[in-house]
Amino acid sequence: MKIRDFKSIYSKYDVIFFDAYGVLKNYNGLIPGIEHTIRTLIQEDIDFYILTNDASRSPVELASSYKNLGIKEITEDKIISSGMLARSYLRYKVKKGTVTFLGTSESAHYIETAGLKTMPIRQLSLDDIDDISAIVLLDDEGFDWKRDINKILNLLRMKNIPVVVANTDFVYPVTEEEVSIAIGGISEMLEMIVGKRFIKFGKPDSQMFMFAYEHILETRSIGKEKILMVGDTLKTDILGGNKFGIDTALVLSGNTLPDQANFLIRSTGIIPNYICEDAVLT
Amino acid sequence: MKIRDFKSIYSKYDVIFFDAYGVLKNYNGLIPGIEHTIRTLIQEDIDFYILTNDASRSPVELASSYKNLGIKEITEDKIISSGMLARSYLRYKVKKGTVTFLGTSESAHYIETAGLKTMPIRQLSLDDIDDISAIVLLDDEGFDWKRDINKILNLLRMKNIPVVVANTDFVYPVTEEEVSIAIGGISEMLEMIVGKRFIKFGKPDSQMFMFAYEHILETRSIGKEKILMVGDTLKTDILGGNKFGIDTALVLSGNTLPDQANFLIRSTGIIPNYICEDAVLT
Amino acid sequence: MKIRDFKSIYSKYDVIFFDAYGVLKNYNGLIPGIEHTIRTLIQEDIDFYILTNDASRSPVELASSYKNLGIKEITEDKIISSGMLARSYLRYKVKKGTVTFLGTSESAHYIETAGLKTMPIRQLSLDDIDDISAIVLLDDEGFDWKRDINKILNLLRMKNIPVVVANTDFVYPVTEEEVSIAIGGISEMLEMIVGKRFIKFGKPDSQMFMFAYEHILETRSIGKEKILMVGDTLKTDILGGNKFGIDTALVLSGNTLPDQANFLIRSTGIIPNYICEDAVLT
Amino acid sequence: MKIRDFKSIYSKYDVIFFDAYGVLKNYNGLIPGIEHTIRTLIQEDIDFYILTNDASRSPVELASSYKNLGIKEITEDKIISSGMLARSYLRYKVKKGTVTFLGTSESAHYIETAGLKTMPIRQLSLDDIDDISAIVLLDDEGFDWKRDINKILNLLRMKNIPVVVANTDFVYPVTEEEVSIAIGGISEMLEMIVGKRFIKFGKPDSQMFMFAYEHILETRSIGKEKILMVGDTLKTDILGGNKFGIDTALVLSGNTLPDQANFLIRSTGIIPNYICEDAVLT
């Protein structure tokens, strides 16, 4: 496939969904020039949302981090995080009891706003688990891996309760060269060891896209053919967008390297509508 | 978990989703008494839908088969099949060209009503594939397994086009004792061999539930807490319903045997809200 | 890694193991010049064996096919097939009863020479399975895929007997462009559907290499460092050879394309000691 | 299957292979009476070996731990550990450079005795990796999980070197109620994340059994039909023994619970020759 300029594409759509990492920002801060994209969309009355597999922080905090980087236009209501889907699940399906979690105390926001009591796994005693009604895996920070991952494993062997995974990514970048294992990678190991099925939220699952689409439909009517998903990862952003039935653009500003894009498209069979250098409109 | 009478449960809900096989019917015809369930729901103004991983026939034909069995109340508009999701994908994402398929000519209905040309894989020549724009796996009948599954595999090696799977079940029952491999099982083998990602539709995926929910929302407003999913299979019906955020009832009239239900719930971690003998209201 | 001439490598070893397909022959017959390799090895008193994931024919028949192609030096005793490992298993672990199989009547040779009665699956009646003591998956030819694969599946649901897979390859080439699904691919689908563990023989499993090594040790003493495995497939020939502790050479005359070799080595982490164009000594 | 007394079985064999954990010992020390088994075998001139997926300590240390528990007859030469296979691989295939590892300094014994320099991953700087020639995963103790597992992951992304896994178990018991994730579980997560193939040693792989068998053949001739594998785990001990072609006995003194044994045999298709309460001869 040929590389197209994002300029020649975006104006065909009424709404654009962006992945965050590798599209709007990277380990270094904002992708240079991306603020022009956001401002152009606003000027041309094209709506946009950020769809992110990130449950480490609330939408308010995520919006505030964009503001600190220099884009005040990405407000809280523009952000759809996998944590919001996990919260929705907890609200409908768990309802009561105490929810224990792996993650920072900020990430527990998603449980608390579902109206549930929370307890970090490090505070849990395996002798006192009667009130524990669910486990939520939110973030790879905020706990001792050896002690607390093993504690989750033993809790799961003792009590049959749902396990909710609020971020399905296996890794995330920490510098230009290095990555860190995300909670989605840890959850995959736990699921394999206990042989149980976890409830997982995040791209490429359609629920993420549906959540955003429903949100739009609350205020206006729009067809799927007028929405574009822009992402840097075939297996999450592009696969998910394709399956949901919207157009997709792969950008090369994140973890898909320019010289591998066509090979990866061929070998995975995940075919975007467009490939662009980046999502910058200058 | 204790076994509850379906009578004590159903009236809490405004809408009930039923799986077809093992809940409404089995290899032998209707599950005895199930017509009373459908009629009671209609009398009490409780809405219902059939959510089925079946792309072998159109909703019209499926409704007609219920009519032949003696329930004329299950009309075409009550049936949501995974084939309808596949059609929706084809309409939004494929749009043009000829779609080749594995399945009977009846199953090709889902492609034709998406406005696309169809060609059974047996008629395809691998020397003339320029116009082929997608592959759809619909049904395990209607083709020569050895010749035509191999032909799909080679087509996929020659041309990078989307593969749509319209039924994710691995097997289906043919008699009390015997099962047959479904197209979902064949598709899993092909996906493993070519290493590509197929676009799969069917429970437990949320899209199936969302499709039904959207359909309801077109005419009325209803909260997820007023919907119940009734199914005989933990890994499709119950997992999917749970993840979508609705209540779930496992019935023992299909492929989950009464003496295994609690063991399976414990070992898979897929926990229904209720277990019932069957969905019969007498 | 650089491409080395096979000439500069072979003479460091006392024994060379060759994969058959893609190294000695291809869809077209012998790889041009490969007869010189065999003759040079014999002249220089370097021993050699063919290690093949092929259970469709006996070593006698395989040797005879090389003779017909023009190399009479590849005699029966030079061929180690995965079928021979399956036979060894049947001899030690099954011992009695009737063994049913998927494959041609030639492939049944491996069961018969284990001293067991055989019955092609097409002749089996599911009402009369008392004497059936094992299932062997030998070849993708010689049966009706739809009818007979389903019959195996139902037999496995009715009776808990070992399933032996005598060839773990997923596909094999039939022309320059096309492949066919091998019995190893079919077996993977069946294993996934029934959730049971089959007993599988073939590279990359060490047993294949050990069988050859033991055979050599019967007549002479030799260290592993004096053996080289030559193959065209990283995931079977090279992975297996590496794990067994012998040196490995990847040749590009089969299914690893020259422009992909280094990429595949990097992405799979399967690292041969050498890469060579082919195994031809001219 | 019926439960048989181990007394009625053992004397048919010339050599007995025992799994360690769940057969000879448990979280509490020796299995009561097991010392009689060892002494009876010695008196009756039946040879025995311990086959253990344990690379945390050397055979000398393992033997010394049995001595401390009260069985001085289990000497170093009776113990075959998966660490010994990893060492054999390192000796044949790595040969030079520095090997970095996850595990305690005791576990590094297996690398040092292969004649290689070792460096605990915590001491490694990712800026100085030129001399690193392999990674060995030995034990879940002796490092900081978050920091050092991530360091291994990044090392693997930077340099394509073999990863050797010296224990394939996913968990091990620490008390009657609780388990801990073993290095085999961590290795499975890493392998999935990087998409590379690791070199893994341990039951059920045949190499473990072959290593023991070869060891016996050095001093005497014995047929496989005269060897019995005794283990508490279907997926490692029994599957591995079956595939290697020797008789197998499942004991219920470890992680297979008496009321689940027959269900597990049916659902996994892994069929031992015998089931025994335990391996105690009184």
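For clarity, chains are labelled A, B, C and D in written order, and residue numbers in each chain start from 1.
Here is the rule we use: contacts are C-beta pairs under 8 Å (C-beta built on N, C-alpha and C of every residue); 3 or more make two chains touch, one makes a residue touch a chain.
Quantities reported herein were computed from a predicted structural model and do not represent experimental measurements.
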Practice prompt. Please identify which chain has its centre, taken as the mean of its CA atoms, farthest from the centre of subunit D.
Written response: B
Worksheet, complete the sentence: Matching the CA atoms of subunit C with those of subunit D requires turning by an angle in degrees, to the nearest 5, of 180
Discussion item. Distance between subunit A and subunit B based on Cα centroids, please, to the nearest Å.
Written reply: 28
Worksheet item: Measuring from the mean C-alpha position of subunit A to the mean C-alpha position of subunit C, what distance in angstrom results?
Response: 44
Worksheet entry | Inter-chain centre distance, subunit A versus subunit D - centres from mean C-alpha coordinates, in Å | 39
Discussion item. Can you list every residue of subunit A that touches 2 or more other chains, as numbers and ranges?
Written reply: none
Discussion item. Please output the residues of subunit B touching subunit A within their complex, sorted ascending.
Written reply: 88-89, 91-93, 156, 160-163, 194-199, 205-207, 210, 224-225, 235, 239, 242-246, 265-271
Practice prompt. In the complex, go through subunit A and note every residue touching subunit D.
Written response: 126, 140, 144-146, 149-150, 153-154, 157-158, 170-171, 177-181, 185-186, 188-189, 192-193
